[in-house]
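The structures considered in this document are given below.
What follows is chain A paired twice: with chain B in the first complex and chain C in the second.
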Partner chain A sequence: MATELSRTQGHTAHQRRRTWRTPMYTLTNYLFILPFLILFATFVAGPIFYSFWISLHDWKILAREQPFIGLANYINLMRDGIWWIALRNSLYFAFLTSIINTIFALVVAMLVNAPIRGRDFFRFVFYAPVVLSVAAMGIIMSWMMNTQFGIINYFLVWFGLPPVRWLADPNLVIPSLSLATVWWGFGFPMVIYLAGLQGIPDHLYEAARIDGANTWQTIRYITIPLMMPSIFFVFVTQLIAHFQVFGQPYIMTGGGGPGRSSYTVIIYLYQTAWRYFLMGYGAAIAVALALVILFFTLIQFRIFGRRSVIEY
Partner chain B sequence: MNHYRVYRFLTRTLHYAVLIALAVVVGFPIYWMLVVSITPAAEVYRWPLQLWPANPTFEHYRAVFTRQDLMVDRWFINSVVVSTIITVLCVFLSSLTAYGFARLEFPGRNIIFMLLLFTLMVPGQVTLIPVFLLVRSLGWLDTYHALIWPGAVSVFGVFLLRQFFTSVPRELEEAALMDGAGRFRIYWQIVLPLSRAAIVALTIFVFLGAWNDLFWPLVVLNSLELRTLPVGLTVLQGTYIQERALVMAGTVIASAPVLLFYAIFQRRIIQGVMLTGMGGR
Partner chain C sequence: MNRMRLWVVGMLIVALVIGACAPPPSQPPPVEAPAAEAPAVEEAAPTEPTPTATPIVAEAGAGATRLIYWNGLTGSDGVTMVEMVQKFTEENPDVSVRVEMMPWGTYFDKLLTSLVSGSPPDLFLLHEFEIPQFAGQGVLADMSDYYDDHGGPVPVSDIYPRVLEALELDGARYGVPLDIHGWGLWYNKDLFVEAGLDPETCPATAEEFVAAAKKLTKDVNGKRADEEGFDPTQVEQWGTAVSWQKPTTLSTMWQFGGDWSDRAGNATLTSDAVKKAVQFWYDLIYVEHVAPPPAGFDTWQTMAAGKLGMLPEGSWFLNFANDNEINWGVCPFPKIGDEHVTWISSHVIYTPPTLAGEKLEAAKRLISFLTEQGALWATSGQPPARISQFESLTPDRYLSAIVLGTSFQEIGRYDFAHPCIQQVIDQGYMPEFDAIYNNLKTVEQGLADANARVQDILDRCR
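Let's turn to the complex of A and B:
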C-alpha cells in the first residue's frame, strides 16, 4: 500500500516536471512577464542606455540635426558654475534633511512605541503629512513661512522675538526648506523605525531592568545598537531621496530663489531640458546626477554587505 | 518606593507633554490650511491673525470652481481617472510578472531578473529625457498615454511581490495544479488572495504616488483642461499668489481626498509601510 502510494506520487511528480518543461508551457510562461517586459524595455531599460547616447549629442529638440559631440557636454558641465551651485545646494539640502529626519524620527518612534494610551492617535497624526502632495505641502509651508504674513513669524513676534526671513534670506532658505520637508516627511522613517523597534525582543529589556538599568541606559546599550541597521538604512535612503529634491524649491522659492540660493540639480535639469530644450546637456546633467546617487547606493551596499546578522 | 512613583509620574507626564506638543505642531499646518481657505479675503492679511475666522465663508471654494482659468473640478476628475488607471495597470502587471519570476521557469529568467535588479539601482531621473522624447515621437504629448504607460511600470513592485509570492506554500499550488487549475487561475485565485496584505499596500502607495506626482505631468501635459491636481495647484500658486485664501481652497480640494482616505485606512497604511518599506520619501 505504502509503496503503491509513493510510486503514484513519484509518477505524477515526474510527469508534472516534464509537462512544465515542454516548449508549449515555456511559451505560456513567458506570457506572464511579457506585457511588463515590453513596457519595461520601452520606458525603463531602453531609456537608461538612450540617455547616455543623447548626452553625447548637441541635442536640441527643435533643431533639424542633432550633431554628435562626444563628451563635450560633460566637459562643459564640469566648467559650469551653475551645475556646481546646484550640486552644492542639493547635497546641503539632502544631508541636512536626512540627518534631522534620521535622528528626529528615531526619537519620535521611541516615544510612540512606548506602551502609552493614545499612541495609535499620535502615530496617525505624525504620518498624516506624508500623504500630502509636494504641491500642497509647498503651498501650505510657503504661506506659513512667509516673512510678512506667515504665522510662524506671527508667533515669534508674539513671543517677543524678531521675525525671520525664512524663504527670503539666501543663507536660511535651504534650512527652511529642510524644516518644511522634515514636517512633511518624518512620519515615514518613524514608521520604518517602529517596525525595527518591534523586532527587538522584550526579554532584553526585562533582563536590563532586572540588572537595574535605567531608561537612558536601556536606550543607549540595547535600543540604539540593535537599531543601527535601521538607522543606516533610513539615513542612506533619505539621502538618496532628498538629493533629488525638486518640488519644494519649485513651489516654495519660485524655482530656486532668492537668486540661486535654493537652486537644485533637478531644477537645473528641468530648466535645461524643458525651458531651453537642450536635451543633450540635460541628459548629461541627469547622468552626472545618477553617478552621485550611485555612489550613495554603493556606500549603502558596503554598509549592508559587511553587516552580519544580529543574533539575540 | 514613593520616590519611584513620583519619578514615574513625572516621566509619564513629560512623555505626554512632548507628544501632545509635537502633535499640535505637526497637525497645525493642515488645520491652518483649512482655516485660511474659509477666511474672507479681506481678513487673510489682517493682524492679529484669527485662529478661527470670525466670519467663515465658502466664497473661495465657489471661486475656485467658477473662475475661467481654473478648472479644479476637471483637474480633480483627471487625477482620479489617471491615478486609478495607473494603479490598476501597475498592480496587475507587477503581480503577474512577480508570479512569473517567483514560480515559473523559462529560458533567460535569471538574466532578465538581473537586468531588473540593475535598473533598480539607476535613479529614475536618467530616464526622464529619453522617455519624454519617446513620448513626443509617439505623438503622446499632452495626452494621458504619456502619464499612464510609463507610470504602469514598477520594477520595485515586481521585486516586492515576488518576495511575497515565494513565501506562499508550494503545496497549495501543486494541489491546485493536480486538480487541473491552470497557472493563471492559480495566480489569480490562490497566490493573489494569500498575498492580500502586500497587494493592498502596493495598491495604496502606487495610487498615492500617482495622485501626488508633480514632475512628470508638469513636463508632458500642456492643456489647461488635461492637468492633474498637483500641476493645477502650481498654476494656482503662480497666478493667484495674491489671493491666499483662494490658493488654500484649491489646496484643500487637492488634499482632502488623500487625507480622508488616510483617515479611513490609517491602520492598514501604517502596517503597509512596515510591510513593504514603501509609502514615503
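Let's turn to the complex of A and C:
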C-alpha cells in the first residue's frame, strides 16, 4: 500500500533521478526551450558576461589591443565624484517616480474600475501617453515646463501666481522630470492593477458590505491586501526601469543640467562609452549599476516576500 | 547555508536578467546634442523671408557611382549643403549622392557605430578639434593627397594657413575645410535705438558692453538697470546673456590670458585669469542684473521675441535672425580682458581610410567641388576657409560673414585639440560653468571642481 502511494502520489528521489536521466524525456524538454535558450544566450546572457569581461580591460572601441587591467575601472569608479552624483540623482529619480507611479496608478485604476459612465474612455485617455516615444514626450513636456514660454507657467501667472522654474531650478528639476514621467507612464501599471482588481472575487466585497464595512475599510482590508502581489510587481519593475532613466534628462535638461542636478548614471554611461569611446569604463558603470539595482531588488524581495499568500 | 547561497546567486542572475530585459522608460533617443555641443547651424538665403525646412535625407543625381554623405547640419544650413551637392551632381552626372543629416549628438553615435561595423559613410563632416580624438582611433584617412602640394586639386596657397595647421597631426593632413566659423556679438538695432544707443556702433570694451547691457535691461515698470528704482526681480527685457557657455567663457578666459590646460597635461582652471573671466559673466547675472541665469532661458527665442538686446552667438545665427525678422547688427566679440581674442572652429569634410576605387575618385571630386562653393556656403553666415572666396564676399549679401570673418582672421583662436577634448568639455568644465552661472556654486568652488575633473580626465587620457 505504501509503495502504491509513493508511485501514484509523487516521485521518490530515485525516481526523480531516473526520470531526469531518461534520454527522450530530457531531450524533449531541451528541444522545447532550445529556441529561447539560443536567443537568451546570444542576446542577454552573452552580452551580460561580455560586458563584465570588457569592464576588466582598458577597452577603447577601435584600438587594436585591449589591455587587461583587472578591477582598475571599478577602483576608479569608486573614486569618481561624477559617478556618485549620477547615482544619487538616479536613486532620487527612481524612488520618487516609482513611489508616485505605484500609488497614483493604483488610485486611478480603482477609479476606472468602478462602474462609472465613460469608463472605457477614461481608460483609453489615461493609457494613451504610454504609446508616445520618450523623445516626443520629452519635447512636449520641456515646452510645457519652459520657464519663459511654457503653458504651465502661463496659467500660473494668469491665476496670479509666480512662474516656476520647473527645469531650471536644481531643487525642482528631478521632481519635474518625475512628474513628466508619471504623466507619460502611469497608464502601464494602471492596466496591471486593473487586471489585479478584476481578479478579486465580488463575494468578498459583498461580505464586507453585509458586515457594515465602509469604502475605506473595504479598500484597506480587502483591495490593498489582495493587490499586494500586483503592487509589488509594479514597484519592482518600475524601480528597475527608472533606475535606467536616460531620455527625460537627456532631452528636457540638455543632458543633466542645470549643473549636474539631473545627471544620471545612464547618461554618464552613454557619454563614457559612446562619446568618449571608453568602453571598459562604461562597462564598469553598467555592471556597478546592475549591482545597485540587484541590491535594491533584494531588499524589496526581503520586505515584500515575507508576506503570506492570501488564498481565496 | 547552501540554500542561502543558491538563493543569492539565483537572485543575482534574475536581477541581472531583469535589468537587461526590462524595457527602460528611456531608450537613447535621436535628439539634439547636449548644451555643450555646438548649436545646430542654420541657413537659407538672407533675402528669404520664411525659414526653409532642412530635409533629413536628400538624394542628388542619378549617377551609377553612389556616395553616402553624413553631416550634422540639421539647421537651415543643411538646405544650402544639399543645394551645393545638387549642383555637383548636375555637373557630374556619373555620380549620385545621398546626403543624410542628423543632430550632432546622434551623428557621433551613428558615425562611431558605422566605423566599428566597417560600413562608414563615404564622406562625413566633423570639426577640426575632433581630429586627435578620431584620428587617434585610426578612422580618419590622411587626406594630404587632396591638396595641390601632394598632387591634389585643392590649392594650399588659397587656404588660410592657420586652418591648414589645425588639420595637421603627426605629419598627416586630415580633411578638407569648408569654413572658419566662430563667436561674435549679435544685437537688436531696434532695442538699441529705443535705449538711446547708436545702432551702428558696437560696444567694444568691457565697460561699453556693461553700460550698453544696463541701458538695454528693463523691468516690468519700464525702469532700466542704470536707473533709480530698477527692480531686478522683475526683469522684462534683458541686456545680454551668457549664451553658449563654452565659447563665451573660453573667449573671455583667453582674453585674460587663461586656458583650461597648459597643454602639457595640467588643468589650469583655477588660475586668476580664468577666475576673472568667469567672475565677469557671473557678475553680469547676479551683481549687475543685466543677464538672466542660463537654466531654462532660451536665448534665441528671447532674441526673436525682441526681449534681448545683445547676444554673444556664432556666425551661424544669421539665418535664424533673418527668418525671425530681427533687425540685427553684428560685431566682433568684445574685448573684455587684456588681449582681444575670440573662439573659432572649422567644419571639415573627411573620408574613411577604407574608401577606395571609383568611390574615392568621386569623393575627391565632390570634396573639391564643395570647397569651391565657399561663397554659397557663406550665405549661411559661415565665412569660407578659402582666401579668394572670402575676399570675393560683398557687404550687401554677406555682411555678417565679412564682419565676423575678419574678426576671426584677426583675433580668432582654435581650442586645444586634445584627444579627450569632448570629455573635457562635457564632463570637465561645462557642468561646472553651468553650476556657477546658475549660482549653484561659487566661482571659486566651481572652478576648483572643474579643475579637478579636467585634471582627472587628462590623467586618465595619457
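Observations on the model:
Basically, the second predicted complex is superposed on the first by the 253 of 312 C-alpha atoms of A that agree within 3 Å, B and C clash if a C-alpha of one lies under 4 Å from a C-alpha of the other, contacts with A are read in each partner's own complex, and residues count from 1 in each chain.
Quick note on the criterion: a residue touches a chain if its C-beta (ideal position, glycine included) is under 8 Å from a C-beta of that chain, and two chains touch if they have at least 3 such contacts.
Just so you know, these numbers come straight off a predicted model, no measurement behind them.
Superposition of the two structures on chain A leads chain B and chain C into a clash.
After overlaying the two complexes on the shared chain, residue contacts for A:37 are found with chain B alone; chain C is out of touch.
Of the two partner chains placed by the overlay, only chain C lies in contact with A:271; chain B stays clear of it. Of the two partner chains, chain C is the only one that A:248 touches; chain B does not reach it.
More chain A residues lie in contact with B than with the other chain of the pair chain B and chain C.
Of the two partner chains placed by the overlay, chain B and chain C both lie in contact with A:149.
Looking at the shared chain after the overlay, A:199 reaches neither chain B nor chain C. In the superposition on chain A, contact is made by A:170 with chain C only, not with chain B. Of the two partner chains placed around the shared chain by superposition, chain C is the only one that A:62 touches, whereas chain B remains out of contact.
Shared-chain residue A:225: touches no atom of chain B or chain C. Comparing the two interfaces of chain A, the one with chain B and the one with chain C have residues 44-45, 47-48, 61, 133-135, 138, 149, 185, 240-242, 244, 246-247, 250-251, 266, 270, 274, 289-290, 293-294, 297 in common.
Residues 44-45, 47-48, 60-63, 76, 80-82, 133-135, 138, 146-149, 165-170, 181, 184-185, 237, 240-242, 244-248, 250-251, 254-261, 263, 266, 270-271, 274-277, 289-290, 293-294, 297-298, 301 of chain A are the ones that touch chain C when the two sit in their complex.
Every residue of chain C that touches chain A in the complex is listed here, in rising order: 8, 11-12, 15-31, 34-36, 108-109, 112, 115-116, 133, 137-139, 293-298, 301-302, 420, 422-423, 426-427, 431-432, 434-435, 438, 440-441, 449, 452-453, 456, 460. By the touch rule above, chain B contacts chain A in their complex via residues 11-12, 15-16, 18-19, 22-23, 25-27, 29-30, 32-33, 36, 44-45, 47-49, 93-94, 96-97, 99-101, 104-107, 112, 115-116, 119, 121-123, 125-134, 136, 149-150, 152-153, 155, 158, 174, 177-178, 183-184, 187, 208, 211-215, 219, 229-231, 233-234, 236-237, 244, 247-248, 251, 254-255, 258-259, 261-263, 266-267, 269-270, 273-274, 277, 279-281. Chain A makes touch with chain B in their complex at residues 12, 16, 20-21, 26, 28-30, 32-33, 35-37, 39-40, 42-48, 50-51, 54, 61, 108, 111-112, 114, 116, 120-136, 138-144, 149, 151, 154, 183, 185, 187-189, 191-192, 194-195, 215, 238, 240-242, 244, 246-247, 250-251, 266, 269-270, 273-274, 279, 282-283, 286-287, 289-290, 293-294, 297.
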